[in-house]
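Read from first to last, the chains carry the letters A, B, C, D, E and F; within each, the first residue is number 1.
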């Protein structure tokens, strides 16, 4: 039943998501002993203007 | 105070969201004994390329 | 694939969660035309000291 | 390590997000005694048709 | 309508949460021009064994 | 900046979380080309009575 929510900056390609989903699922099944069918992964693409670290938006110069 | 986050594939119509919000709120009020005003529902539209089950993106052929 | 996260105050009984899960799933299947098997619901029990509205914790007198 | 997820209606300007991120981070550091670098804030812009209160979408007349 | 989810390590006192909720709400109302009543804040207390950065749990020596 | 939220049934050992965090971070860095320091993973332990699939709690007999 593991369900992943992964927030990351927008701009990753579908191919990167495809590889990431496959690899994360395989790893999870090995470590937790669960079936692939039970693993859901949801990606959230985040714009740099919607993410701040240390009080500064990532769309701003650092 | 119940607050719902509902992730589902993009493509549902506003009419479907309208019906769903009304029906889910009514059900929640009946079962939990809360007032409608206390129920918030937030929908998250997810692209098939952003959701994977069993390590495979839903935008890919299954 | 609809996945629900429902945050509500702790203290609801298992029987209330059982009824709520059954009813919300039935409603969702009717409105969206999806199969019950595709609906996941995750409840998050929240302590009143962990929820604030209008700047005031719900564990405090209102 | 505090990580904020803030859901709000779409339409806020980048300047509002910039000010909000700076002020929320400063407040958090003061109250919790953490370093700014440890505070992450992620904004989620929500369309009015994706948020319901009391069973009614915010895109509908109230 | 802004709704905050704040994940932070467990161990903060109710007094810290009380101060944080009040100050974050005040800041949000000023910057966004919303009413206090519309701001919800939910804290999630996270155990160090449930949070990893750089692949290492925070319950482990760094 | 990728931030993971992973919901799974309670009962996994700290050693399983340690292995999972290390492996997921390594995989993410390889596929996305990011630094380990930028990857945060937060686990959420969920009781079976708080998770339903197909309208039935996982604490109930299936």
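Rule of thumb we're sticking to: a residue touches a chain if its C-beta (ideal position, glycine included) is under 8 Å from a C-beta of that chain, and two chains touch if they have at least 3 such contacts.
These figures come from a predicted structure and were not determined experimentally.
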Apart from chain D, which chains still form joined groups through touching: one piece
Equivalent of B-D within the choices A-B, A-C or A-F, defined by over half of its residue contact pairs recurring: A-B
Higher-contact pair (C-beta pairs counted), C-F versus A-C: C-F
Turn needed to bring chain A onto chain F - CA fit, degrees, nearest 5: 180
Chain copies touching (chain A, chain D) - same or different residues, decided at half shared: different
Where chain B and chain C are represented by their mean Cα positions, the distance between them in whole Å: 12
Euclidean distance of C-alpha centroids - chain C vs chain D, Å: 22
Rounded Å distance, chain B centre to chain E centre (Cα mean): 24
Residues of chain B touching at least two other chains: 3, 7, 24, 40, 42, 46, 51, 53
Chain pairs that touch, as defined at the top of this document: A-B, A-C, A-D, A-F, B-C, B-D, B-E, C-E, C-F, D-E, D-F, E-F
Residues of chain B touching chain C in the complex: 1-9, 12, 16, 19-20, 23-24, 27-28, 30-32, 46, 51, 53, 58
Residues of chain E defined as touching chain B within the complex: 1, 3, 40, 42
Parts of chain B lying in touch with chain D, wherever the complex brings them together: 14, 17-18, 21-22, 24-26, 36-37, 39-45
Footprint of chain F on chain E - complex, ascending: 7, 46, 49-57, 59-60
